[in-house]
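Think of it as A, B, C and D in the order they're written, each chain with its own count starting at 1.
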Amino acid sequence: MSPLLSHNSYGQSDVRLLKISRRSTRHEVADVTVGVRLEGDYDRAHTAGDNRAVLPAQAVRDAVYAMARRRAVRQIEEFGVRLAEHFLGGDAGSAVSRVRVELAERAWERVGVGGRPHDTTFRGSGGHRRLAVITATGEGADVESGVEHLVLLKTAGAAYQGFARDAYTTLRDAPDRVLAAVVSARWRYVNPDASYGLLYEKVVRTLLESFAEHESRSVQHTLYTMGEAVLEYSPEVAEVRLAAAGGIAPLADPTTPDIDAPNELFLPTDAPHDLTEATVRREGMAGELRLLKRGEGRRGSE
Amino acid sequence: MSPLLSHNSYGQSDVRLLKISRRSTRHEVADVTVGVRLEGDYDRAHTAGDNRAVLPAQAVRDAVYAMARRRAVRQIEEFGVRLAEHFLGGDAGSAVSRVRVELAERAWERVGVGGRPHDTTFRGSGGHRRLAVITATGEGADVESGVEHLVLLKTAGAAYQGFARDAYTTLRDAPDRVLAAVVSARWRYVNPDASYGLLYEKVVRTLLESFAEHESRSVQHTLYTMGEAVLEYSPEVAEVRLAAAGGIAPLADPTTPDIDAPNELFLPTDAPHDLTEATVRREGMAGELRLLKRGEGRRGSE
Amino acid sequence: MSPLLSHNSYGQSDVRLLKISRRSTRHEVADVTVGVRLEGDYDRAHTAGDNRAVLPAQAVRDAVYAMARRRAVRQIEEFGVRLAEHFLGGDAGSAVSRVRVELAERAWERVGVGGRPHDTTFRGSGGHRRLAVITATGEGADVESGVEHLVLLKTAGAAYQGFARDAYTTLRDAPDRVLAAVVSARWRYVNPDASYGLLYEKVVRTLLESFAEHESRSVQHTLYTMGEAVLEYSPEVAEVRLAAAGGIAPLADPTTPDIDAPNELFLPTDAPHDLTEATVRREGMAGELRLLKRGEGRRGSE
Amino acid sequence: MSPLLSHNSYGQSDVRLLKISRRSTRHEVADVTVGVRLEGDYDRAHTAGDNRAVLPAQAVRDAVYAMARRRAVRQIEEFGVRLAEHFLGGDAGSAVSRVRVELAERAWERVGVGGRPHDTTFRGSGGHRRLAVITATGEGADVESGVEHLVLLKTAGAAYQGFARDAYTTLRDAPDRVLAAVVSARWRYVNPDASYGLLYEKVVRTLLESFAEHESRSVQHTLYTMGEAVLEYSPEVAEVRLAAAGGIAPLADPTTPDIDAPNELFLPTDAPHDLTEATVRREGMAGELRLLKRGEGRRGSE
């Protein structure tokens, strides 16, 4: 028997950075968490302990910091593409054949003082995070954008009824229920050289508004409707992948049946367990989308 | 030897509830986590396994739900005082001599649709939480209000210099540094029957504005200044306890000393380890503040 | 434009259960967390809100509980295959075409009393967990077993040197270093109807012993060696996927250079960020392994 | 109004260290997390931003590392007392009047190879942690030892019945129930200069054995019995504080009432919410125990 190394990768996750731009009296902040994974011809490192082709993880992490030091961090998609190009470039070793860069940006908002946003004081937002995932090879870079952890609640306009029943189904038809879900979305572009930041704001707004205005018949129905709305209002988007983690239960109360408060008290959870996923794609879009070629990104926007 | 039971308590933590008020087409939501701890004469339960004086934890939890079902959940301080009075009342067993109720409220904001806040769609805020702690005996109830997890950042107006040095001190004087801190505050009242909700908004605003406008010489200096501002602007507050968890490091870069970007790139942390506490009290306020007597709370406000 | 639903799934994660077997005075416990994901023809649920084909998540969860009630929970692989067969069976709705069941088992060990394992008292082990992943369609079931969160440390027999260097590499060659890693492994079978429990014990023992006895030249080198050892000692295993999360730093101390204690003090981390993956496959094994056919599993072993 | 600074403290939490002793071919490891909190005369730092009395948190943290570099880390109580004495000593500034040092040690066990514990390979135990808390002033040091996160389960020998009932009590009497609890204990000494390590092993063994052999009538009854056993078998212990977080529910199954498996299937939780506390003290022990005087600890044992 001779064992084969059929797959391998290495890298760094959770490289945290906070970049402060002080070019005017009004400071800007970018708070980004970066993960880098490298694949390539590292067979002899595994089979013989020969490390000559392997850049150490320390250098991978510090390359992220050096890039953040050299350049503004505006659109995480653009920052990620630069990083991927760096690791595919000669300096980091010719062994690398494929790079995946994952970025998550946490929002900081300006503290208001006397009704005006302060120039140099910020509050961290604990809510959703903006995402980007870059997967690059010598052929080019696939760019995916996203948002995670939108915590949403509808107290009207949601039903769940007419579902399949088996021997274990005890749930009753609910013509009027509360719908709570933690929603994330990821989208890919018709043309990967997009105005990422403007589009991000627009997609998030579309997700929120379609969630609010939709008459929901199920989580599946709602996710599809949200995806459909993103494709309708943002022609730049070719495909959107949605996921919802739900789970909120009406609190039955056997001891106070005399109190008339149906559908008012619920048990929320911080670890929702009902998971639903749907991918909605623009018709005519092939499964494989166009890649961003080297140097093609809109560097001007930085 | 005869062992003594010198202290005991029991209760429930993390009782979660979401109350939806549908009295008009504009719904209201309250998302509250409650903990209850009971102390009293439970000696025979411990020493002899005689449970006759002990209300089971299940009943403690369901009493919270029953109260939330019966009443509106507006100000968590008032809800907590009602709960404490319930457990001290005869129904829950005469053994209870002291009750502690801790409440934390997570904010939900309305989703904006077409520029207007939606009536029945909400987003969970992942940031700070409003707190209340009620400690009650037959004498009355001590009411404490608070806020936790304000994530704050100053990119200007902060220094740290002239500190003590010992053999292990390597930190350099910083006339201009970035100050990042996760701040919490708890306050007690000159008169415990206060307008809790209005005061909460005002105290949080004061904390944010004083953090923004203050020229910080240290975290201690900043905390004290924030506490002083709360006492100055809110005469209802007798004492405020502040805590800050800090820790953000400039990223030194030995490999790119030629790049001119001092004080721009930082390493944030999600688990800050520098802890600072300060309690600021209004002069003339005795250590023990006035208690809220039974039935004295402003029930009208519900 | 007409949007296409190109992918969808739904299910339940983190269904927790503790099964106690009391068939003799010596009790047995099984503590298992189950996730179920269903795929199938749910298009009209998404596009039209027609739920007739969709079994609610409540019923999915309660089917797990009903199965655990009816049968012993011995080998999680067998329990998972039964569950997958249930969901593919007619009762749960003919829409299901593919089921994924993920199981994680936490070990409980007997408390020793007077040198003997107690019959009915157990301690929860906080360490590694046993895993199984079943992916099933009408064609049959793919069975994967595993272990996660083996926390390992070598204080001798580990080096890291001769690696690639770029402009950002500051790490020095280390002929003698400490190697700390959180290791997980997943394996698939030459014949999926295996003695899962015996093999699990053997594979974990092989992983630990090969980690201990190996002269490590890098994490890659160590992972490959561990995978090679599993294939050598367990002919039932066709392929093993290994992952290591590492990261432990020697603590430099500029203030006490006179103290002679090199390589003694380290900074451990609970969130290691160096991630390395390697898959080692038995030669001659095709990428697609044999599936377990319906009813083929060794039911006798329960 | 003139605000008063009525309390203040600062320090570092979660200072992690792993100390490896290589004095023989059989290595030893100590994995300790340290927190330090200093109180003292820091008024002018708060009120005037005058930092001259304040040692920066960086120096506090690096003093922990320097101490770990200089000395063996054997008994965390002794290591903590040394640290407290250091911070109260002149070097760290005369402002310090009170120091609290909290230590938690995670166990690493040797990996077995060929039936023998390996000299230089270890597995991290994910279970309970050993604790020590030192509170010191110029008067001396109070030493508390402990253990946290013992995850325990009794499948026989536990009942809960005859408890108080109110309008919200739905729980039924259970003559035979499953008792699951996450237990922690902290103890203080008749004579603070004790053989900490030997006593720790003995106390943990007593806790486990008394939990196993006890016929439980309630969690209160069990905690008291465990505390009583510690006092009986360890005359060095003056007082033991116990806490249990419980919560495990039998899974009712309305859909399969015909299946005869009562009391077999349970819903475990990772976040138990029933909290019970009891402190058991040796008779005749005053509330305030003897302090360890400066230099009094058994240094020989290191």
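Things to note:
Here is the rule we go by: a contact is a pair of C-beta atoms (placed from the backbone, for glycine too) under 8 Å apart; a residue touches a chain by one contact, two chains touch by 3 or more.
As the structure is a prediction and not an experimental result, all values here were calculated from the model.
The most distant chain from subunit C, with centres taken as the mean of CA atoms, is B. The angle needed to superpose subunit B on subunit C by their Cα atoms is 180 degrees, rounded to the nearest 5.
Separating the CA-averaged centres of subunit A and subunit D is a span of 39 Å.
Once the centre of each chain is set as its mean CA position, subunit C and subunit D turn out to be 31 Å apart. Subunit B and subunit D have centres, each the mean of its CA atoms, that are 25 Å apart. Contact with two or more other chains is made by residues 62, 66, 167-168, 170, 255 of subunit C. Subunit A makes touch with subunit C in their complex at residues 1-15, 37, 42, 45-59, 61-63, 66, 91-93, 95, 160-171, 216-221, 223-224, 227-228, 231-232, 239, 241, 271, 273-283, 287.
Residues 16-22, 27, 29, 31, 62, 65-66, 68-70, 108, 111-114, 118-128, 149-157, 178, 180, 208-209, 211-213, 248, 251, 253, 255-256, 259, 261, 263-270 of subunit D are the ones touching subunit C in the complex.
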